Amino acid sequence: MRNKVYGSFDEVVSDIPDGSTIMIPGFAGPGTPRNLIAALLRQGAKELTAISNHPGAGPFDHRMDLGRLVEAGRVRKVVCSFTASPHPSQATAFEKLYNDGAADGELVPQGTLAERIRAAAAGIGAFYTPTGVGTEMAEGKEHRVMNGKEYILEYPLHADYAFIRAYRSDTFGNLQYRLSQRNFNPIMAMAARTTIVEVEQDILDLGTMDPDQVHTPGICVDRVVHIPEDGIWEEAVYRD
Amino acid sequence: MQKTKLSRQQIANRLAQEFQDGWLVNLGIGIPTLCSNYDQGDREIIYHSENGVIGYGSIYPRGDEDLQLVNAGGQYVSLVPGASIVHHADSFAIIRGGMLDLTVMGAYEVAENGDFANWKTEGRKGGGIGGAMDLAVGAKRVFIAMQHTTRDGKPRLLKRCTLPITAKGVVKLIATDLGLFEVTEKGLLMREIAPGHRPEEVQSLTEANLIIADDLKEMEV
Amino acid sequence: MRNKVYGSFDEVVSDIPDGSTIMIPGFAGPGTPRNLIAALLRQGAKELTAISNHPGAGPFDHRMDLGRLVEAGRVRKVVCSFTASPHPSQATAFEKLYNDGAADGELVPQGTLAERIRAAAAGIGAFYTPTGVGTEMAEGKEHRVMNGKEYILEYPLHADYAFIRAYRSDTFGNLQYRLSQRNFNPIMAMAARTTIVEVEQDILDLGTMDPDQVHTPGICVDRVVHIPEDGIWEEAVYRD
Amino acid sequence: MQKTKLSRQQIANRLAQEFQDGWLVNLGIGIPTLCSNYDQGDREIIYHSENGVIGYGSIYPRGDEDLQLVNAGGQYVSLVPGASIVHHADSFAIIRGGMLDLTVMGAYEVAENGDFANWKTEGRKGGGIGGAMDLAVGAKRVFIAMQHTTRDGKPRLLKRCTLPITAKGVVKLIATDLGLFEVTEKGLLMREIAPGHRPEEVQSLTEANLIIADDLKEMEV
């Protein structure tokens, strides 16, 4: 099977045009594609739409994440489950721009976000979920009662690119994640038109990954880069 | 008796004592994640985190953490034997599909009708929902762990929520630094009270009318 | 975590009442819970509804599968993607009863079947799929055009029980499948109210299965039985 | 030149020659599954089976098979290096989500407008759909491998399908024991013909009007 391993992060993001929609996984650190984000920051693409559970940090967290792209004014819109942080002390870079009207936001409950991404991957046109019924999130949405329970209609979220962080990959792009690094990675890798992966471990030869233990099939992956020693690795951030 | 308010960990512990053997329990960001620190003795509670971790344990001491393993609050946690990992869509399938026996969440406000609000504060544009709305409609029970009043001393247990709600009529039990409260058809039942406090004191910090349990207990801290 | 290992197949199916709805996985052999089906045949429950890709074989295939329950007159209805076999020479036991009006059938395209099972597991009220549009399968169903593409509305399939065949299990019921044995097993295990598993390999101690390599979390599993040496094992059936 | 009809394997081989390097291809039950026996040389084709097997190869000789590994037709197959396994909902997510470059299926009937029928035969109650309807709407291209006529010699390449259809207007290419046919806007284009046959013979066994390609080739068998 085709070798999808590239030599540099700059190379794999070089063709991403202004106006692209990019899925960015990660949950409180693990699984965040930091090297790809850093490369896109260098590359210069702007007017981006990001689909991500969180719009990235602000000044309170120095790590490379979506917040850096937002800070740099390169993001037009974020679809996420936090357009404001739970604590005003941890106001994100996005939140400031959003409040000023300089960036757009679409607030989506986290499970609906995951399901909308999965629906895009699965070719589902729309689905009814009970989440958000009776709240502001349901306003303006189509309602339907089925078997005595109320649901609202939600639509798939498609993307041009997914940035993925994996633990292991073979040369074809079969991926494995480690522990809570998995989070949104498998569903985003399946949903986006072009899937680009940063990988922690040395790239495996074809045929050495157990077919039963692949988390993301290589057919969903387009480009793979191994994170070099001087790349961006996960680091500890403590929260009370 | 010395007048004592419960600490964050003590609030978490009090709710953790209500967990039943074998329950699958989701812990939300804030005080709730502290519940996994409570020693359940012979009872076995399986903790689920919205990011797909099933079967985690106590929060790890600094320096010993695994950087790839966090709970809903982004805290580094341990795994228990028998743990498993799923992706985000499967994690919320478990939530929405009704497999959770309980979710414990924080809240800005809880109303006596079981409504609660925990995603949007006064005067701010946007909000932070995270998994709260999915958890609130999906779990069999919703417990709330919270401070009894705002930092300015304003009540958070209300007749009706003033903030935009997270879900309607789902809250069953609330632990605060001042007591333990059950949402009943007749209203908010105070079952336990913080050491050294009188019911009238707690009522004065509560907008909802409190029904005082016949067997009102003082909380053990 | 709780030990869910039982000693016999008869024990784990003993409480299944008449009228139950049971999900039965398997695809052309691999992943079929043959020992649990045999136990239910001995147990005697009737008026069953089965949800299964295939209604089981007929006289042309001697293996223990759903077809034996059908033959014995214990199945009222089958929801499947084959109410008739592609070749009349391989007419199933179900097909004969269905033609005579002695059993009911609901014909569902295979991907819609999988998605309806997954929707039940995920608490989704209904979903729009493009599959079947313009065919008899779409007749009487709600249609909707979204982004220029036509979809039909499909509803979740719930079940009282799922019978599961797994390769490995630990004492809590964390499961792994081997190769194409996986098929419908993971989604059915998540969707049913009570999930009962037959396991090929020796049951593992708690903590010996890698958490990253669990295919079905033990929280979805209720009862586990190890297949004894004299149990029903997969055997070769050749097809042209 | 001896008059020859293509064997089942030869029909499969002819379609397999059309596969492009790097394509993800689903093979349906019947003649299509034989495509994975064809030696693609330097071209790399990844075979997907609806039961969640991604990256399988030729059909295994009897006695060497792995009993846990079948293709869509229930035949025991080999895996190629880089293979992976997914469950049924993910397998059909891949299908419905548009990742397949091609699906090859059998059919009872194909019409010149690209409709085809392969799930319900005349006068039978019920039908056997399997994954056909999902594959037909999900894959980027649909090729059909079939016998040119019924056992009674009746045409199966029709002006309009008489049986209930599997999907509308999706078929691009058809290989039969008598030729290779492309569905075009003008009608059914015969690009190749079985050895020793004349176009009029094939037309006489075909209800649809055949357009004969200017460069009509004899098939290599």
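Read from first to last, the chains carry the letters A, B, C and D; within each, the first residue is number 1.
One rule holds in what follows: a contact is a pair of C-beta atoms (placed from the backbone, for glycine too) under 8 Å apart; a residue touches a chain by one contact, two chains touch by 3 or more.
Note that the coordinates shown come from a computational prediction; the quantities given were computed from them, not determined experimentally.
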Higher-contact pair (C-beta pairs counted), A-B versus B-C: A-B
Intercentroid distance (Cα basis), chain B paired with chain A, Å: 28
Separation of mean Cα positions, chain C and chain B [Å, integer]: 37
Chain centre separation (chain B, chain D; CA means) in Å: 57
Rounded Å distance between chain A and chain C, as computed from the means of their C-alpha atoms: 34
Touching two or more other chains - residue numbers and ranges from chain A: 115, 118, 122-124, 129-130, 177-179, 182, 211-212, 215
Residue numbers of chain D (touch at least two other chains): 79, 85-86, 89, 92, 95-96, 138
Pairwise touch network: line, ring, star, complete, or other: other
Pairs of chains found to touch, sorted by chain label: A-B, A-C, A-D, B-C, C-D
Residues of chain C defined as touching chain B within the complex: 1-2, 118, 120-124, 170-172, 174, 190-191, 206-207, 209, 211-212, 214, 217-220
In the complex, chain B residues that touch chain C: 22, 24, 44, 46, 48, 54-55, 79-86, 89-90, 92-99, 138
Contact footprint of chain A on chain B as seen in their complex: 29-30, 49-53, 62, 65-70, 73-76, 79, 85-89, 91-92, 95-96, 120-121, 124-134, 137-138, 164-168
Interface residues, chain C side, partner chain D - complex: 27-30, 53, 81-86, 88, 95, 98-99, 105, 107-112, 114-115, 117-118, 129-137, 167, 177-187, 215, 234-239
Chain C-touching residues of chain A, taken from the complex the two chains share: 115, 119, 122-130, 144, 146, 149, 151, 155, 176-179, 182, 211-213, 215
